[in-house]
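Below, chain A partners chain B and then partners chain C, in two separate complexes.
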Partner chain A sequence: MAENSLAPLAGAIPPAKRQRPRFSWLTDRWIAVSFLTPTLLLMLFITVFPLVWSLYLSFTEWSVTRDATTAPEWIGTENYVELLGDSRDGERTWERFVITGQFVVPAVTIELVLGFGVAMLLNRRFAGRGVLMTMLLIPMMLSPVIVALFWKFMMEGSGVLNYFIADILGLSPVGWRTDRDTVIWSLILVDVWMWTPFMMLISLAGLSAVPKYLYEAAAVDRAGAWFRFRHITLPMVMPLLLIAIIFRTMDAYKLFDQAFVLLGQQGGPGRAGQTAALWVYEVAFSEFDTGLGSALGYIMLLVIVALANIFIRTLNNLKAEQF
Partner chain B sequence: MSNLKKLLFVFLLVTMLAVPPALTAQEVPDLSIIWFAWPPCDLLSSLVAEYEAANVTVACVPIGEWRNQIFADFAAQGGADIPILDSQFMGEAVAGDFVVDLTEFIQNELPFDDYNQTALSYYAEVPQGSGRYYSVPVITDTRMLVYRRDLYEDADVQAAYLEATGEELAPPASLSQRLAQAQFFAESDVIENGFATHWLNDGDLVQTAWNHILWSFGGELWDPATYSVDGVLNTDVGVRAVEHAQAEFLTAGEGAAAFGFDQVVTAICDGSTAMIEIWFGFGGAFTNSDTCAQADNLGFAVVPGEDVHFISLGGQGISVSRFSENQEAALDFIAWLQSDETQIAWVQGGGFPGRNSILESEEFLSAAPYNPIFAESFQYVKDFWNIPEYAALLSVQGEYLNLAISGQMDAQEALDEIAAEQQEILDEAYPDGPPSS
Partner chain C sequence: MVASNTGSSSIGQRLLFWMALGIVFIFFMFPLYWILISSIKTRAEVTDRVPSFFPFIDFQPTLTNYQELITGETVESASGVQASGSRAEFRDRLINSVITAGISTVLAVGLGTLAAYAFSRFRIPASNDLQFFILSTRMLPPIVVLIPIYIFFTDLKLQDSFAGLIILYTSINLPFVVWMMKGFFDEIPVEYEEAAMVDGYSRLEAIWKIVIPEAIPAMLATAVFSAITAWNEFVFANLLNRNYASTVPPYLNSIVGVGAIEWGRVAAGSVLFVIPIVIFTYLVRNHLLRGVTFGAVRR
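Then we have the complex of A and B:
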């Protein structure tokens, strides 16, 4: 019916006036494609291509400076064998991953305990809570390089930390950046100062989401404080805490900027604070062993993927237990 | 979609793609220079403002990142038009074909015969003795001893020193004397610390502070004829040199294992230390009483030797990047920088020239109180590896030297570790022995 009623109208329009719209070729789809294509090409160029190219380089012997005019030489898995075997580089790789573990485990654990504890204290209404929270969050809002720089000054031999330790407390000064047994703890200290607020923030979000009626029910059953914490608070907050742990572990695992500024490329005396990321940097961008550096980068990537998988499985198991 | 939106889209697309010719047209070329952050780099930054034939910018990067930045730029076939390279970087830069051969330029356009031949050979000639030059000496440098002249001239201090050691107190004539004086001052009540230098493992800091101690004790880092380290470095002489540095380190005060340039300058300027050793290039830091509280009390001396006399070579040559699109303009700039007029301005601002006529000029000798001893010091200079494996060798040496000097590792053990690891690096790089040329 409708088609029939419009037919006479269509016929009434003179043929000369039926022009094509000026931008009829510019369809919505065309515009969408033209907007997306540069981004996709850029993504391919700056993300996917380097990933594939560095994977190829990891199977070659090549230096971007020394062999710039020659093609990379294919050597199969030799780089991986060298880095994971008994060679000097193999020993160093193992040592760097141990150092990274010695940093990550205590740092994230302390941040978790402190952050959760502070969140428990802040999880109630009191005057000045907003101001206090804002102040506590300041460290994580700063640039890691700036944070490392001012800790570097404070950790100098005659810096403010040693002033308190030696001049005020009368103890022996600490070689924060000069003693090979201490430098890892210096890294941990800076990281804890900077990232405990992050753990606190996530914990606080988790704590504020725990339904009040659970505590009321527990109070009716005369449950003690520890029981309430162990069987209500902790299980309810745990999924969020685990996400925070995943983020912090992955972030701490690839620690570079703070360590670089605080201890230098070699990670301080005897490389005692040289994390895996600093080691990759030294091999790839100081010694310019590009093939070996690429292989090292992929080993780091595999370790972090494995770690993330373990955490995500644990998280999923927790969720399955809860629901 | 409305026509208005489509028009707007087309307009945005055209705006993004169009490069207005007016913005790209320039009357003079842009030139960029990269060096490391120290007073001569600041001086160069102010000097280039006088150059009108190009817009010249100078990047003064932290010393620990200086080489990495330059070679990462080379790898990307870009970076600064004019890199200022350490002598040890030259082998790597030439092997990679990253810098322009300046032999004809330096011989025809510059006063070739006027250049200090030691500086020219170390900074520019690759391989040494080949007659091919890849840089022009932009700053000659070596190390100087800065001491508290007021203490050395104090009658009570002189008497106390005479009583303690049986010797007259004067700027040290040997490394052993320097150690004895450092220990005397560190144990005395007149000043807190004895001797400080940069023992930090960053860049080549600890290496260049220690190498000439080794050489002056009669030791060697390696045998450049056979590319041997094991058995050359880790000898009794090497151990003596490390133990000497350990003893001097103990007189430097708290945190000396992390002393870089800034901390060394501060150590003498804040009045806490009797003697320091640093590059002449930092000299300007000791003559301004606004920034150095002890400026009026300081004296300058030649760094002493021991069994023989060597001092680590500093200074750098200025090169032209092969990837520069303004190579001609870069050469014109270098010619201007090396002209008599600019060189006089350079030395009056605190720079050290590579040309003998300028080194001997009244303008240079009167420009700073330490300049007269520069010429004497420069005759003792000695340099170390300038092969492509430099960075790997340097890294190994820095790691163990810093540990040993700061007392966290036994001297012999440290030298054995250095020798073993450096030998492995060289053997791997040169399985058929040293290169023929």
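Then we have the complex of A and C:
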């Protein structure tokens, strides 16, 4: 071993005299086992076990409140047939997933474009840059519930947003939480406010990692701004952006807190903003149809597993290209 | 048109740059500003038809909302409006939040660091599968496990208890801690411990005296992120708690739910709740990137 790699440990060289170091009877194998067991047990207890139970419940007709004393009644795949079939419930499932998509796609797209744009702005030296960056990052660290409460307050019928729109701009006030066609956009607005900083942060990391000499080389070749963006910036930042998109898409798909606080469990007027997660909640904890709710949860789960698979493949391909 | 740094750009470009920055700043900061000034308005001023924007100029700031929240007493009783909850409910909730977030963070970082070390240094059978399993629990929509957890928390009498919430938050944060810390451990050269072990340390001693001190900053940053996650959690806290162990997020949402909404108090509560997050965010600003991407992005 090279002497210099030990430099940071200069003060920590152990006493060479001692014959048997303490705990030497603990083999690596035992250490590994004892280090891993608590974590794995807890994960088993809090995720695997509930998931298995939930799977079982999804094949039963049972309500945790009404049938508390009786065992769940096995009804096979009836819940799934009801939720995915041609019935009214089948339609509702489809509608909720469409609503979720109508939220996820615009929200993540706007966050990406806006976040990248802000990152381009911030990717230069100017006075107060550090402070500004830290301030801009605050929204994504806040509790979704608190964020939703802020916005609910501002989106009141006679709230401050409508004051700007109606009294200052002279437009007709917006029914942020009461107009069927608007509620999804209200959700998107809140999400964009909260999560654009995330995209910005990751974009900025990508941008600042682009080696300066590439730009210098491009400058020598008299390459235009668009060329530099298209052939240097974008390819260098792309892998990071993909990771950001994956994270955001998965999280946006699960959207619950903000929608719950902003619109209530039914997702506003005519359930126009009832995302998939909100619907699961309503079925399971308002109608207390535990079996059906579990089945619905599983459908959500299958969709996200499919999404995750696609994403992981994309990432692996990307890695394969890089190395 | 070669360089693009501010030094050589024209006045027009600079003006455009600062204008864009200004718009961004206002969009992201206005809600925070609005909640802050709403918290120092009187009950009447908060819902004024024409809102006032500047304290001392538009309106006289008051700390009544904070006072009411903390003491639980209604200061403006003249208006005839009864404050919901005569006790100092908010203060109790805040203490509960501190307890649950604090203990669960210590547990998660403790356990998760050990597991991360094992994943980083030892040959574990099916290591990749186990790691993926741990990561995948983070992708799980909480709503899916909410039903069974609700049922067995009821059965085990863990509802509305600190133990229940702490177990839950510990396991919510564990995947995050494992992945973050594994990333950090991977960056600490194995040679450090190997050298120490050659020199007569046992593995456990090497971990304790060489690796952990190296990992302390990483552990602290990870702890801050875990604490924020637990602090902010709503779904489980809202469904599983009634009164005793309830935390701030469900409380603030619940006082909006009933009767005439006292936005001033909600705003004051939000400000008090958010201050620690802002401080923590500032403390971990250099690790944010890593933290919010689960250690996937390291630069």
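Observations, loosely collected:
Just so it is clear, the second predicted complex is superposed on the first by the 274 of 323 C-alpha atoms of A that agree within 3 Å, B and C clash if a C-alpha of one lies under 4 Å from a C-alpha of the other, contacts with A are read in each partner's own complex, and residues count from 1 in each chain.
The rule is short, and it goes like this: contacts are C-beta pairs under 8 Å (C-beta built on N, C-alpha and C of every residue); 3 or more make two chains touch, one makes a residue touch a chain.
Note that this is a predicted model, so its numbers are computed, not measured.
Shared-chain residue A:282: touches chain B; no touch with chain C.
Of the two partner chains placed around the shared chain by superposition, chain B is the only one that A:65 touches, whereas chain C remains out of contact. By the touch criterion defined above, A:88 reaches chain B but does not reach chain C. When the two structures are aligned on the shared chain, A:162 is found in touch with chain B, with no touch to chain C. Once the two complexes are laid over each other on the shared chain, residue contacts for A:173 go to chain B alone; chain C is not touched. With both structures placed on the common chain, the touch criterion links A:21 to chain B and to chain C. In the superposition on chain A, A:316 makes contact with neither chain B nor chain C. Once chain A of one complex is fitted onto chain A of the other, the partner contacts of A:31 extend to both chain B and chain C. One of chain B and chain C touches more residues of chain A, and that partner is C.
Once both structures are placed on chain A, chain A residues 21-23, 26, 28, 31, 34, 64, 156, 158, 285 are touched by chain B and, in the other complex, by chain C. Against chain A, the residues of chain C that register as touching in their complex are 1-6, 17, 20-21, 24-25, 27-29, 31-32, 34-35, 38, 47, 49-51, 111-112, 114-115, 117-119, 122, 124, 130, 133-134, 136-137, 139-152, 154, 167-168, 170-171, 174-175, 178, 189, 191-192, 194-196, 199-205, 209-210, 213-214, 228, 231-235, 239, 249-250, 252-253, 256, 263, 266-267, 270, 273-274, 277-278, 280-282, 285, 288-289, 292-294, 296-297, 299.
Listed in rising order, the residues of chain B touching chain A in the complex are 1, 3, 6-7, 9-10, 13, 64, 67-68, 71-72, 74-75, 92, 95-98, 200-202, 253-258, 263, 388, 391-392, 395, 398-400, 402-403, 406, 408-409, 421, 424.
Residues 1, 5-6, 8-9, 12-18, 21-24, 26, 28, 31-32, 34-36, 38-40, 42-43, 45-47, 49-51, 53-54, 57, 64, 118, 121, 124-126, 132-147, 149-154, 156, 158, 160, 163, 167, 193, 196-198, 201-202, 205, 208-209, 219, 222, 224-225, 240, 243-244, 247, 250, 253-254, 256-257, 260-261, 277, 280-281, 284-285, 290, 293-294, 297-298, 300-301, 304, 308 of chain A touch chain C in their complex. Interface residues of chain A, counted against chain B in their complex, comprise 21-23, 26, 28, 31, 34, 64-66, 68-69, 88, 156-159, 162, 166, 173, 175, 177-180, 264-266, 268-271, 282, 285-288.
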